[in-house]
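Note that the chains are named A, B, C, D, E and F in the order they appear, and that numbering of residues resets to 1 at the start of each chain.
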Amino acid sequence: MANFGLDSYFVTKVPANPIGQSAVNHLRRFGVNTGFIARGGDRLGIYFLESGASQRPSKVVYDRAHSAIAEAKPEDFNWPEILAGARWFHFTGITPALSDAVAEITLQAAKTAKGMGLTVSCDLNYRKKLWTTEKANQVMSRLVQYVDLCIANEEDAEKVFGIKAADTDITKGALSDAGYKDVARQLVERFGFKYVAITLRESRSASDNGWSALLYDGKEYYKSRKYDIHIVDRVGGGDSFGGGLIYALLSGKQPQEAIEFAVAASCLKHTIPGDFNMVAVDEVEALAGGDGSGRVQR
Amino acid sequence: MANFGLDSYFVTKVPANPIGQSAVNHLRRFGVNTGFIARGGDRLGIYFLESGASQRPSKVVYDRAHSAIAEAKPEDFNWPEILAGARWFHFTGITPALSDAVAEITLQAAKTAKGMGLTVSCDLNYRKKLWTTEKANQVMSRLVQYVDLCIANEEDAEKVFGIKAADTDITKGALSDAGYKDVARQLVERFGFKYVAITLRESRSASDNGWSALLYDGKEYYKSRKYDIHIVDRVGGGDSFGGGLIYALLSGKQPQEAIEFAVAASCLKHTIPGDFNMVAVDEVEALAGGDGSGRVQR
Amino acid sequence: MANFGLDSYFVTKVPANPIGQSAVNHLRRFGVNTGFIARGGDRLGIYFLESGASQRPSKVVYDRAHSAIAEAKPEDFNWPEILAGARWFHFTGITPALSDAVAEITLQAAKTAKGMGLTVSCDLNYRKKLWTTEKANQVMSRLVQYVDLCIANEEDAEKVFGIKAADTDITKGALSDAGYKDVARQLVERFGFKYVAITLRESRSASDNGWSALLYDGKEYYKSRKYDIHIVDRVGGGDSFGGGLIYALLSGKQPQEAIEFAVAASCLKHTIPGDFNMVAVDEVEALAGGDGSGRVQR
Amino acid sequence: MANFGLDSYFVTKVPANPIGQSAVNHLRRFGVNTGFIARGGDRLGIYFLESGASQRPSKVVYDRAHSAIAEAKPEDFNWPEILAGARWFHFTGITPALSDAVAEITLQAAKTAKGMGLTVSCDLNYRKKLWTTEKANQVMSRLVQYVDLCIANEEDAEKVFGIKAADTDITKGALSDAGYKDVARQLVERFGFKYVAITLRESRSASDNGWSALLYDGKEYYKSRKYDIHIVDRVGGGDSFGGGLIYALLSGKQPQEAIEFAVAASCLKHTIPGDFNMVAVDEVEALAGGDGSGRVQR
Amino acid sequence: MANFGLDSYFVTKVPANPIGQSAVNHLRRFGVNTGFIARGGDRLGIYFLESGASQRPSKVVYDRAHSAIAEAKPEDFNWPEILAGARWFHFTGITPALSDAVAEITLQAAKTAKGMGLTVSCDLNYRKKLWTTEKANQVMSRLVQYVDLCIANEEDAEKVFGIKAADTDITKGALSDAGYKDVARQLVERFGFKYVAITLRESRSASDNGWSALLYDGKEYYKSRKYDIHIVDRVGGGDSFGGGLIYALLSGKQPQEAIEFAVAASCLKHTIPGDFNMVAVDEVEALAGGDGSGRVQR
Amino acid sequence: MANFGLDSYFVTKVPANPIGQSAVNHLRRFGVNTGFIARGGDRLGIYFLESGASQRPSKVVYDRAHSAIAEAKPEDFNWPEILAGARWFHFTGITPALSDAVAEITLQAAKTAKGMGLTVSCDLNYRKKLWTTEKANQVMSRLVQYVDLCIANEEDAEKVFGIKAADTDITKGALSDAGYKDVARQLVERFGFKYVAITLRESRSASDNGWSALLYDGKEYYKSRKYDIHIVDRVGGGDSFGGGLIYALLSGKQPQEAIEFAVAASCLKHTIPGDFNMVAVDEVEALAGGDGSGRVQR
């Protein structure tokens, strides 16, 4: 979102040492405001990624136990001060999965944001290596009370809330439109979200994916174009969808336009090495507007 | 062409400093004769390339204003001396686009070459970031009087000379054979070229292109095979087509064989990182002769 | 096989200098036992690889004349000692192609192994840059007397033993199931192998291959699934098939399961840069069991 | 200074393209505020550096003609707005050397800063490849009217203002303390500076330099310790001296302490690859306080 | 020691995941036997190193809390089995500093080793970021009961046992021979060691160190040559001294020869990038024998 | 010499494959004329270099047996044609050491050159890994009959011709001026050289060398300045001395000026990574003229 020109703050906790500072510097490079990042704790969480290709899946080894954020305390964050003047608050399901204290911190943040009139969004982002489905259900059920826009993929909805669409098999990559609409409808019905966005990944291999999404506003379904992506780097592909959707809605785009923007933004992220989506609004709009030919611009 | 065993000279102007020398060294590595490169001026033109992938197009930022070649003067080049003993003179539309003086230099070169009995070829190579269609039309119209072989893609013909084929939409990648033949015919009719070669790129994405070409000698149309290329580096893809075609015609190949050689040579360039087409004649002929299976040679 | 947890020994000869030691270190990194590698001779054989892509084939330049192994003498290896306690002995057709002495060494090894009750396997691996078909026929015919499991591709069988399947054209990539079964049947008939495994590569380009295999036990044909691989590095692709098959048979898998394991193992190798197949049994089994979706594991 | 914890703004002009943005991102990484950088113009100035070693000097080829900043116009910068709330304004002699318009912009900035009560500092930084001594004298004489702290090396003072110390020969590296004091005294006398800081580089080779400095406040001379530096990267060595001195004076250090801090900060910069001085206040103070032993901290 | 041709085992605990396996592979490359490394626990301990130069010290950030080894349990290691057939057991003070359980494990190991007749050595290796001097004193005092050879630098002896030599100031790099002899004598007196080895680092800067050592056998002092080292990588410099000394004593070298070998081995390590001392016995002996001229061997 | 602007030809033999071509391309990059390089044979000779530092010497492992040049035949080179129009012929002692045939080729070349009136120079370059002192003596004694300028270091003279200077010990780095003069005098006396140049390397460590040289014209001794070099890459250090000296003599410099130029040229080579001395005449003259301060040129 910083790339798209919005004032963006990243709120977390990093250790007060050169490793924490390096993470802060990395964010600053992209224009993200790091002014509310707390300093302290023992270590920076890391993960190891083996980048997949073709039939070989990417593989992640987490090493974030005892990280500064996992051991953060509620008093590390003064939410009314942090959220003053903001229009939107976003979190993902990875954060509350880190510890009970962090789940509590996330709850305070979401509640405060909602109370201060911000729009609140959440990407369910279920990670089986971080918590069980039972724990996720219990924690996320409380959190989503304050959420306006819920982002999920089919697996997230099933694992976190037990919401299933008929006739879909993730590892087979067979996805039915009707099934996805049904998941979106159930989510709105159960939690009263204003919007539900569902991303649809057809994983033909680690190198080639189909990528599209669905937005549901409680009344209409808005289905995006589908991109057949030749993947360069999947890391951050999901996050860039959330960023694109928030930007699109904040800047007043209509639902169909918004979901096209979000899918195009994250399609482009899949083609960029590294963990940041270094694309500008005009580049996303060129793709969303229909030019996926990849012709050289010169 | 140096790679194919021809004596090749590159004629340009570079600054008399280590940066200019480095460009000369780079050419020498490939056996290109740099003996007629003028030295002087302020700077070496550069460009920045963001290499595309999948739906993300490659992007070029030019920084060649005030380059040594853009500010070259006619007296920097003694064409009768440079062209003595040569059989062929080739230029592209990028050169005269640099400045009026360079357009004038190119005109002198082409005129001298023609007068000395060389074959003259030109790749229209329209670049919208360098000049307008009006200016291109005016300059190129004078230049092509001396041209025997004109190389273009459909966009070039339209942008430079306003010559359009029916029912083709470049960004959609929908190309009709009939349309291309029509463009070639119009070019021969209007300018009296001995040969027109048209390259046909079907840009399915920045990673996957269809690639073929058409040669027209004023009587017959010679259509090449089409390659579905998994692109490694597009830079130099067009230039390597010109190089392949000139080599093929100079070495006496018949039109069908010549266009197959040129397309195979540039197909191979798309699979090689960097800006030089490091392939030998036998490698091109193996592909042109039908083996595109990519089997290991061992 | 070391990766799959088997005690594996690599037996060869390397020069007694830092270059030979570096090769030994490289093997040790992967847990391969290097205790029977002989030291001596003049040089380590090397080869230069130009990695292909799309229509450009990979190209190998061998520089192994006068290598330590090519000039090894029978007395460099004490086979009864080396093979004591082992269950399996494997060699490929590249080794006896190096010199008459090495062919003799290989013969002694195979004969000793057979006599000591080991299972013996051989990958025909015909290399036209190393020997003629006549020489290969003569040498391999003696060697395969001691072989239980013969691994080949269609070209190997034809070049080494003149065994041809009807209606197949390698460079065209058109492979018929019936043809392959016929080759396997002829190999068993002529040499009495217990198993014949034939790998089937459909080389659509240097970047995209179909990959499958066939196992024949003299009675039944076991055909594996076929993988459409987006290739990262082909080097070691064939060897990893042999390694996978030996592991599968040694660990008691049934024929269908064994050929699926071997093909999945070598499919994964094609997606890994470098010359070692760094995959674990569970990764191979996940793919052999049907998940080729390349979804991130997290 | 951003590294030392001060709010720091870098004011310049970069082109409104990805190259300009990349420069901005690079500054942001280090916490420098880029909010007043103007966008526009044709190109980003660049230079090419051949990094020296031992007897081979580093060599710089400038390519900054026609850069966005060299062609900036006074109306690109609203100095009262930019300087509001600031305490210090710093510029170097490289900036006014770029063009008459930029000299004018620098003058407006210095004048405005002085008028608004800021402390103004200037590093003379004479560059013979950018302007003549005559032009430098004329432009800098006007600029230094507004300067409180003047930073120079002996060569700067001589080339810009014709102020010479007796018995010093730069390429011989023979520097006399008395000579430097004399230069500082003359500068204060002629221009009324509050402080003059002179850096003393003894260039024994491109790999090994002596490095120290002298601060003069019109009354006393404060001479720093001298460091024998084994150089990693000289780029930014002078700038980091200025940054260290400004930080030291802004944070209330006494003259001796301030010059020690500045010299230690720039000593450390010489040991860090790249163009930013990534050291923290405590690291500088540890060195300034006397520990140059380079012992591992663990 | 593996490099010097001894059978060497590294005993530790790593997590049963790809990161732990990667550490094991790294050790195997150098011929270290990894057969007794326990698998389990949460994570692999890591540290971040900023490599110093000139006046900038190297800086280490430890991230080893909750590592597999720090949380190891006594039952992870069966010492009688591990030590069967061994001649020597070595540990460093870093290991017992990790946790009380690991201190206990180290004690069992040392006691078992001593009881089985092995020679036991210990490098005190005090690390202030891992434990306090009080804790170190208490733990190490019990451990050294079983130690035959104690390795230390002056700081270690003071921090762990409060043993001080007169007139030495570490950060000043002023070291007196008499002082070191005194420290060695006190160590033997207090703990009854058979040998004490003291390393003497004169840290002139992070790039240039004097390096020598002293061996004391309770009767005589053996002082090595001193090397003025131009440092490439200090990591592992101390460990390689220990490795060299153990090899030298195990292979029957006399005290003077042994200390020369150990110092030469670690001198060479300082000139090799990375954390392993990839030198052979003949290379160490060539240096220990007096050739430090660095002349090319060809 | 190509760098210094002379027309330079490199004459050797490389295999007619991509590896041989790559070596040719590498030479062409630097403007060396490769038109007389013979093609054929089995392989390109290679060597492996471990780059030394401080007390660790560089180490070379040769792998040039059976290289194209080592197995070259006299008929591969037509010396009258190759030498037509040339002014100077240079060879080193490494070439005749490769094989008897190559020694014969070198003899023909030197004899032909001498007969055609060229100046002939030879760098003795004794390599103990290539031949014995007896063989070297026998071969070189015949070759030097045709030599005008002989280049050597003290070790070369002793190993090849048994010519010794008193009181010098190479590994100790203790060099006496008188000794060197004596060696030069003996060489002139015995072989009648017009010039003898002796290089004097004081190898204090692999990182720091003293470097100077002596030229003797049979009457006077010309001693150069001595450089204390902080070495970046020694490879090519000796060859660049020869190149510098030949350039200096060819361009008419007087003896003192010539030896200063040669030593300065090779001093600079020691500061440049890679195997080519990429310096221009003005850079060498600046150093030879006395500026070794390494100050940035900007």
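Everything below uses one rule, namely that a residue touches a chain if its C-beta (ideal position, glycine included) is under 8 Å from a C-beta of that chain, and two chains touch if they have at least 3 such contacts.
Chain-to-protein mapping (UniProt): A, B, C, D, E, F = Sugar kinase.
Everything numeric here is computed off the predicted structure, so don't read it as measured data.
Student: Could you tell me which chains make contact with chain B (Sugar kinase) and chain F (Sugar kinase) both?
Tutor: Chains in contact with chain B (Sugar kinase) as well as chain F (Sugar kinase): C, D.
Student: Tell me the fewest steps from chain C (Sugar kinase) to chain E (Sugar kinase), where a step is a jump to a chain it touches.
Tutor: So the least number of steps between the two chains is 1.
Student: Considering only chains that satisfy the touch condition with chain C (Sugar kinase), which of them also satisfy it with chain D (Sugar kinase)?
Tutor: Joint contacts, listed by label: A, B, E, F.
Student: Half is the threshold here, strictly exceeded: which of C-E, B-C or A-E has more than half of its contact pairs identical to B-F by residue number?
Tutor: Of the listed options, the interface copy of B-F is C-E.
Student: Please decide if copies chain B (Sugar kinase) and chain C (Sugar kinase) contact each other with the same set of residue positions, more than half shared, or with different positions, and reply same or different.
Tutor: Shared-number fraction below one half, so different.
Student: State the pair with the higher C-beta contact count; candidates are A-E and A-C.
Tutor: Between the chain pairs A-E and A-C, A-C carries more contacts.
Student: Once you find the CA centre of chain C (Sugar kinase) and the CA centre of chain F (Sugar kinase), what distance in Å lies between them?
Tutor: Those two chain centres are 48 Å apart.
Student: Could you tell me the distance, in whole angstrom, between the mean C-alpha positions of chain D (Sugar kinase) and chain F (Sugar kinase)?
Tutor: Centres of chain D (Sugar kinase) and chain F (Sugar kinase) (C-alpha means) sit 45 Å apart.
Student: Give the residues of chain E (Sugar kinase) touching no fewer than two other chains, as numbers and ranges.
Tutor: Where chain E (Sugar kinase) meets two or more other chains at a single residue, that happens at 59.
Student: Looking only at which chains touch which, which shape fits best: line, ring, star, complete or other?
Tutor: Topology of the interface graph: other, matching no listed pattern.
Student: Please give all chain pairs that are in touch with each other.
Tutor: Pairs satisfying the touch definition: A-B, A-C, A-D, A-E, B-C, B-D, B-F, C-E, C-F, D-E, D-F, E-F.
Student: Within their complex, state which residues of chain B (Sugar kinase) touch chain F (Sugar kinase).
Tutor: Chain B (Sugar kinase) reaches chain F (Sugar kinase) through residues 25-26, 28-31.
Student: Under the definition above, what is the set of chain F (Sugar kinase) residues touching chain D (Sugar kinase) in their complex?
Tutor: Touch list, chain F (Sugar kinase) to chain D (Sugar kinase): 227-232, 264, 267-268, 270-272, 279, 283, 287, 290-298.
Student: Any idea which chain A (Sugar kinase) residues touch chain C (Sugar kinase) in the complex?
Tutor: It is residues 52-60, 62, 127-129, 170-173, 203-208, 234 of chain A (Sugar kinase) that touch chain C (Sugar kinase).
Student: So in the complex, the part of chain A (Sugar kinase) that touches chain E (Sugar kinase) is made up of which residues?
Tutor: Residue list for chain A (Sugar kinase) touching chain E (Sugar kinase): 17-19, 42-44, 48, 50, 59, 61, 63, 65-66.
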